[in-house]
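In what follows, subunit A forms one complex with subunit B and a second complex with subunit C.
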Partner chain A sequence: MREAIPTGVPYFGASLKEWIFTTDHKKIGILYLVTSILFFVVGGLFALGMRLELTSPGLQFWSPEFYNYLLTGHGAIMLLWWAIGAPTGGFGNFLLPLMIGARDVAFPRLNALSWWAYFGASVLVLITLIPGNHIKMMWTGYPPYALNNDAGNLALYVFIIHLLGVSSIAGAVNFLTTVIRMRAKGLSYWKLPIFVHSIITANVIQILGVPSLAGAVTMDLFDKYLGTAFFDPARGGDPLLYQHVFWFYSHPAVYVMLLPPVAIAGEVISAMAKNRFFGYKAYVIAQWGVVVLGFIVWTHHMFVTATADWLKIIQSITTMMITVPVGIIVLASTLTLFKGALKFNTATWFALGTIFMILPGGLTGIPNGMLGIDYGLSDSYWIAGHFHFVLAMIITFGIFAGLYYWFPKFTGRLAYSDGLGSLGFFVMFMGAMLIFGMQLIAGLHGMPRRYVDYPPIPELITAHHWMTVGAFIFALGVLITFINLILGMVKGEKADANPWGSPSLEWWTASPPAPHNFDKLPEVDEEWHPYNYKKA
Partner chain B sequence: MVAILVIVYFAVTTLVMIVGHQPILEGYEVAKATGAEPGLQWYWGFKNVFYVVMLYFFVIAIPFVVFTLIYQYKKGEREEGEHASKPWGPIENGLLIAWGVAVFAGDIFLDFVSESVFEYQKKIPENAMEIEVTGSMWMWQFKYPNGKTLFSFYNPATDKFEEFKGGFIVPAGVPIKLSMKSTDVIHAFYLWPPINKLQDLYPGRVTYQWFKVDAPGEYLVSCREYCGTNHAYMLAKIWVVPKEEFEQWYNGQIADADLINKYSTKKWYTKQAKGGNIEVAKVNN
Partner chain C sequence: MAHEEVHHGHHEVSMWPVGVGLGALFGVLAFTAFFQWQMPFLAVIFGGLTVVCLLGGLAGWVNEFFTTGHDEKHGKIAIVFFVASEVIVFGTMFAAFWRAWVFNSHEWANWVPQEMNLLMPVILTLILWASSGAIVLAERAIEHGNVGAYNKWLLITIVLGTLFVILHVMEWIHLWESGFTLSSNMYGTAFYMLTGFHTSHVLVGLIAMLYLLWIGLSGKIDETKTTAVVATGFYWHFVDVVWMFVATNAYFVGSIPALAGGH
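On to the complex of A and B.
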C-alpha cells in the first residue's frame, strides 16, 4: 500500500505536479470523471452535428464521409469514454476503496497507469479530428469494410482499442484484488453495497472479455498490414469470424456499462427513501445472472448474418432469459420505495429516471431478441432507439444521479440549487423521450441505421424533425445540469460529512475525504448493513 | 406538485407507447392489403410482442408510480428510519424469484411466437422464382434465370429519389427467392415495409431470402449493413407487376421502361401506400 501524502488539502489545492504523479484513487477517480465528462460533451456535439444533417432529406451540412466520421466518433466516444469511463473508472475508483473501508486500491501505481493509458487513447481519439485521420468504420470495425481504404485509418483505431483494453484490464485486476483483499474488518461479501457488487461483476466481464475484443481488432490489423487472411474469403478466411469474436466481448461490455449506473440509482433510491434495499441478495445474484447469461447471447447481434440457425435459436432463447435477472433488478429497485420516506431532490429524480428508462429501453429490446421478429428490425432506427434508451439514458441518468448524490463526497459542497437540478432533469427527460421515441417509430417505418440521407417518405421526415427538436431540448437539459454542478462546486452550501444519513462506509469519513481516507480504519459489527437505516 | 410531475412522466411514456402502436397496426393493415409476405407474419408476431411487453410495462410502472406518490418524506410522520421496514429476508428474495419465474413464462410464450415467425420466413416456397442478387459498393445487380440483368446505381449528385428508375421487376403473387452475394464488403438486402425483411450478403458465400407481394406497384429496397460513404444511396426499387405483363416483359415483348413507368406508383410504404396499392389492385380486378 502507498504511503499517504502528508498534506491537509485533499485535492482542490493540490499542485499540478501532484495531479500528474498522483497514485491516489480519489484523484484518479476525479481525473477519470473529468475526462469522461469532457468526452461526453464532444460525443454530444457529434450527435448534434448528425441531427442537423438528418433533419431533412438530402445533404445540407456535411459530406457523407464527414457524417460517417461523426457517427463513428459519437458511438466510440459515448460507449468507451462515457459509458465505461465514468461509472467504472470514475465512480469505481473514487468510491470503491471508501465503500469497503480501505485506504487505497491494491495497486495504486497500476491504477495511475490505467488512467494514463486511457488518457493516451483520449489524445489519439482527438487526433482523428484532423482531416485525413477520420475513422469511418463505425466503432464495430467490421471487416472486410474496415480493411478498405474508404474506412479510414485502421491502425489508429486498433491502437486506440488496445490502449483502452490495457486500461480496462489494469483497472479490473486492481478493483477485484482490492475487494478480495482489502475489505474492512467484519465486512463480508453480503454486506457490500450493491454498487461494489456491480463493480465486481463489471470487472469480471472486463477480464474475461477484453482479450477477445483485442484479438478481434488485432486480426483486422494483421489482415490489412501483414497480409494474413483471417477475414479474406478469397484465401480461405471468413468475415463472420470477426463478428463472433467481437460480440463475444462487446455484448457483455453492455453490462459493464449498464450494471454500475443501475446500481448507483439503487443506492440513491435506498438512501433517499431511507429504506433497506429490497431483496438485496436476489439483486446481487441477479447481477451474476446477467454476467453469466451475457456471455452466451452474443449471436443476437448477428441474427441476420449467415450464422448457423441452431446457434441463432439457442441464443435467441438465452437472450430472452436476460429479462429474468433484469426484471428482478428493476422490481427490487422499485420495491425499495415501498414503505420508505422518499425525499425528492435532484439525485432522486435522476435515480428514478434511471430505473424508469429500463422500461422503454429493456422492453423494446424484447422484440430484438426474438429471432423471427429481429429479421425486420435489425440495423434499423428501432435498434438505435432501443440502445439509446438502454445505454444512453440509463447510463447518463445513472451517472448524473451519482454525481448529485456523491457531490458532497467529491467536493464537500451541496449542489447549487435543487430547483435548477430538477429542471435540468425534466428537460433532459422530455428531450430523451422525444428523440428516442421518435427513433423507435422511424424504425418501424423502415428507416435504416447509419444513413446520412433517407428517402423523402412523409412519416420519416416528421419523425426526423421531432428527433432534432428533441436533441436540442436534451442538450439544453445537459447544459442546465452542468451549470448547476459547476456553480455548486464554486458557490454550493458546505455539506456535512453525511448529508443523506446513510450508514454506508463512504460516509464514515470527512467530505471530501482526507488523502488517507480514514483516520482509523472502520470496523463493522454483525448488526451493520449498508442499507440498515434502523440503526443509523 | 410531485403527483403532477409523476403523472406527466407516466403519461408521456404511455403516449409514446400508444403512438408507437400506430405504425404496427398500420403496417399490419398495409401488409394485409398488399399481401406482402413475410411482412404479414412479421407484423402479426410484433403485435403479440407488443401486448406482452405492455403487460410487463404496467406490472412495473404502476407500483413505481404508486410508491413514489404514497411513500414520501413528511416531517414528523415519515422520517429517517422510522418507517424503514424490517428486512423480510427469505420472503423478499422469494417474491423476486417468483417474479423471475413469471417473466420466464412470458419469455417462453414469446420464444414460440419468435420461432413460428422464423420458421415461416426461413422456408422458401417450392414454386419460388429465383433471382440472383449481387451487391457491390454501392450498387445492386439483379440477374434472372434466363440471363436478363437489371441494375440499380444511385448517384446522389444527379438522381432524384422520386424519379429514380434502378431496380428489378417481379410478378405479383409469385414467391421470389433471392440468392445473394457480395463482391466486396458485407451488405444487407433490406426489403422495406410492408415486406420488412433483411439478410446480410457476403463475399465468398451465398445467402438466401424470399418474399412475395400480391398488389402491383413500386416497393423499396436498400442496404442495411453499413458499407461506407454511399451506404445510404445503395437503393433499389421493386416493381411488382401482374403475372401476364411480367411474362411478356420476360420474353422481351415489352421494354423495361414502359413497364416500370406504368407501375411507378411513387407511393412507397406510407399511409398513401395503402390507398395507392389498393387502387392498382382494383384496376386489375
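On to the complex of A and C.
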C-alpha cells in the first residue's frame, strides 16, 4: 500500500497518516528529534529528582531503590535517546541526504523501521515507570547484580538495548549505503561536509560496536532467565567477560555520541565566521583516528578490576593517544575562526560552548587514563564530573547549536529571538559549570559515585548544595531555550532559502524542502567545496 | 560513479515497516510477560501478535518491493555492512567460549559428554556446503531470467537448510537428554549458544528464501530485480562460513581433551 502523495502538500500540514506511515527521511528525522527531546526532558527530570535527594545528607524524598531507578533511567535515557538519538537519528536523517544532494536514503522503508524500533524501545522505557518494573541495574547492567531481583526488570533493560540496537544497525547500514551510492555528481569524499563525515565515522562504530553490546546484554538475559553459566564462576563463567564485551562497544559509543555534535559545532562556526574549514582533511583523518583508537581503549573503564596488567598498561597508553586526534579536532574547529568575521548569534554561542566544553571534559579525562591515578579517582564524583562535561555538555550544546543553525531548514522560519536564545545559552553554561565543577571537587574530597546518601562532611554538603543550585539553573536555561524555539516555530520571521549564505548542498533547496528534496538533483564542479565561501 | 538517478519523485508512505516494528516490540513483550511477569496467557497473546505483525509486515514489504519498487542495486553493499555487524555478534559468543576454555583448562575435560558425536558436524557441514552451491545456481538462473530454474534451485536450498536444522535439533535433543544442557557448565552454555545462535541465523535465511520462493512462484521476479536474491545469497554464504568456525570450536576444540588441555 505505498501511495504517491502530491508534492505540493505543505510540510507541516501533512496528515497524521502520512506521519505514521512516512518513509521520508525528513519526517523520520523530525520524529527522531521530537522523541529524543521529549526523553531529554524525562531524563532531566530524573536528574533533578536525584539532585533534590542529594542536596543534604540523609534520606529526604526517595527510597534507595527508587533513587537507583532514577540513576539508571537518567543514564540510559540521556545516553541512548538524547546523545545517540538526536544527533545521529534526528540530524543525521534530516540532513544527510540533503547534504549529499540525494532525494532520500538508500532504503526509505528500512529507515522507517529504524524509527519504529526506536519507538518500541521508547515504549519499553515508559513501561519501566510502572512500579515493579523499575530498572535499577545502572545503564551498564553489570552482572552479577543485574541478575539479582533487586536490580529490577532485567528483561526490559535488555530489550531496550536490543530494540535500539536494531534501530542503530539498520540506520547505520542505511546511512553508509546512502553515502557510498547516492552522492551528487562531482561530490567526492573530500568534498563532503564535516557533519557527513561524522555520521560516516559514527555509523562505522555502530556497525562494529552495537552487536557487541547486544551480545553482552543477551548473556545477562540468558543467565537470568534460561540458566546459562556465562557469569557464574561455579560453572566456569566469569562476570568480567561482561565488562569486556560491554565496554568494547560502550567506549566507542562515546564517539558515536561525540563526533556528530562536535561536527555540528564545526559547521556552525564555519558558516557564522564565513570562513573555510581550517585543516579540513586533518579533521576528517582525526575522526578516523578516534574510531580506530576508540576500539582499543575499553579496558580503561576496568582499571580497578582484576584484568591483566599488560592489557591495562597498553590501553592506558592508547587512551592517552586519543588526545592527539581529539586535539586536532579542537584546533581545527577553533582555528576556523582565524581571520573570519564571526557573526554572534545563538547558534554561534552554542557552537563555541560545544568546543569549549572539550577542555574541562578532555583535560579531566587525561588523569583518569593514567593507571596509578585512576585507582584513586575511579568511581568517584570526579569521574561523574568528567563524563558530564564530555558527554552531557558537548552533546547538549552541540544539539542546540544544530537546532538553532538548521532551524530555518526544519521550519522555514528564523528562531524567535537571539536575545532570549543567548540568555538560554548563558544560563545553561553557568548551571553546567556549577554542577559539574562541583562534582569534580566533591570527587576529589572522596565522594563516591551512585550513592543515595553521604556522610555530613562540610565540604561535601557545600558541594552538593551548589550542585543542586546549578542543576536548577541549568533546567531554567533549558526551559528558556525550549520557549524560544517554540516561539520561533509559531511566530518566527520567515527565513530565506539560505539565511547563512552557506555553499553546502542542504541550502540549495527551499526551506523546509519539498518531499523530493531537489527539483533537479544538484551537481557540483571542481571549484565547489561546502566551506568555500570565496566562491559563494 | 557516485551519481545515481533515484526515483523518489514524490513523497511515499508505506505501512509495512510499522508492522515489522510493532512485531519486534510484541516479541520482546511476549518474552517479558512469560519470564519476568510470569503471565503465560499474556505471553501467548503477545506471541500471536508478533507472528501476525512480523510475517504479515514482511510479506507486505516484500510484495510492495516486487510490485511497485525500483531495484536500485544497493542491496549488495548493505548486506556486507550487515554481515560485518553479525561477525561481531558471533564474536561475543566466541569470546565467551574461548575465555572459559582457557580459564577452565584444568577441569574442562570433565565437562565433555560421552555422547558428543564428532561425525555430525562433518555431515552438517557437507549439507550446508551443498546448499551454498544450490543458492549460487539459483542466483545465476535469475540473472539470466530463468525463473523456472531459479525456483528449482531455491527450493533445493530450502530443503537442504531445513534438513540441516532437523538433524541439528535431533542432535541437541540427544545431547540434552544425556544430561549435557545449556546450564550444565560453560561448555554446555557455549556449545548451545554458539550452535543455537548459528541455527537461528539459518532459520532467518530460510524465512528469507521462503519469501523469495513465493515471489518466484507468483511470477513477480525477473532479471531486473535480483538484488534481494544476491543479498540473501551473500548472507547464506556467511552463515555457511560461520558454521565452519562454530563447528570447529563447539565440537572439536571443545570436546577433544588434548585440545582442551584436560588430563
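Heads up, the rule we're going with is that the second predicted complex is superposed on the first by the 530 of 536 C-alpha atoms of A that agree within 3 Å, B and C clash if a C-alpha of one lies under 4 Å from a C-alpha of the other, contacts with A are read in each partner's own complex, and residues count from 1 in each chain.
Here is the rule we use: contacts are C-beta pairs under 8 Å (C-beta built on N, C-alpha and C of every residue); 3 or more make two chains touch, one makes a residue touch a chain.
Keep in mind the model is a prediction, meaning the values are calculated, not measured.
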First, second, both or neither for A:415, with subunit B first and subunit C second: neither
A:455 touches, of subunit B and subunit C: first, second, both or neither? first
Subunit B versus subunit C as contact partner of A:352, first or second or both or neither: first
Which superposed partner A:42 touches (first subunit B, second subunit C, both, neither): neither
Subunit B versus subunit C as contact partner of A:145, first or second or both or neither: first
Partner chain in contact with A:321 - subunit B first, subunit C second, else both or neither: first
Touched partner set for A:367, first subunit B, second subunit C, both or neither: first
Subunit B and subunit C footprints on subunit A, overlapping residues: 238
In the complex, subunit B residues that touch subunit A: 2, 5, 9, 12-13, 16-17, 19-20, 22-24, 27, 38-39, 41-42, 45-46, 49-50, 52-53, 56-57, 60-61, 63-64, 67-68, 71-74, 78-87, 92-93, 95-97, 99-100, 103-104, 106-107, 110-111, 113-122, 137, 156, 161-162, 184-186, 188, 190, 192-193, 196-200, 202-205, 207, 220, 222-233, 235, 268-272
Subunit A-touching residues of subunit C, taken from the complex the two chains share: 2-6, 8-18, 20-22, 24-25, 28, 31-32, 35-36, 60-61, 64-65, 68-69, 72, 74, 77-78, 81-82, 84-86, 88-89, 91-93, 95-96, 99-100, 103-104, 107-108, 111, 182-189, 193
Contacting residues of subunit A [partner subunit C, same complex]: 1-7, 9, 17-18, 20-24, 102-104, 106-110, 112-113, 115-117, 119-120, 123-124, 153-156, 159, 162-163, 166, 169, 172-174, 176-177, 180-185, 187-188, 207-212, 214-216, 218-219, 222, 225-230, 235-238, 241, 244-245, 515-516, 521, 523
Touch list for subunit A against partner subunit B, complex: 57, 59, 64-65, 68, 136, 138, 142, 144-145, 148, 150-151, 233-234, 238-240, 273-276, 278-283, 286, 304-306, 309, 313, 316-317, 320-321, 323-325, 327-328, 330-332, 334-335, 337-344, 352, 355-356, 359-360, 363-364, 366-367, 370-373, 375-376, 378-380, 426, 429-430, 433, 437, 440-441, 444-446, 448-459, 501, 533-536
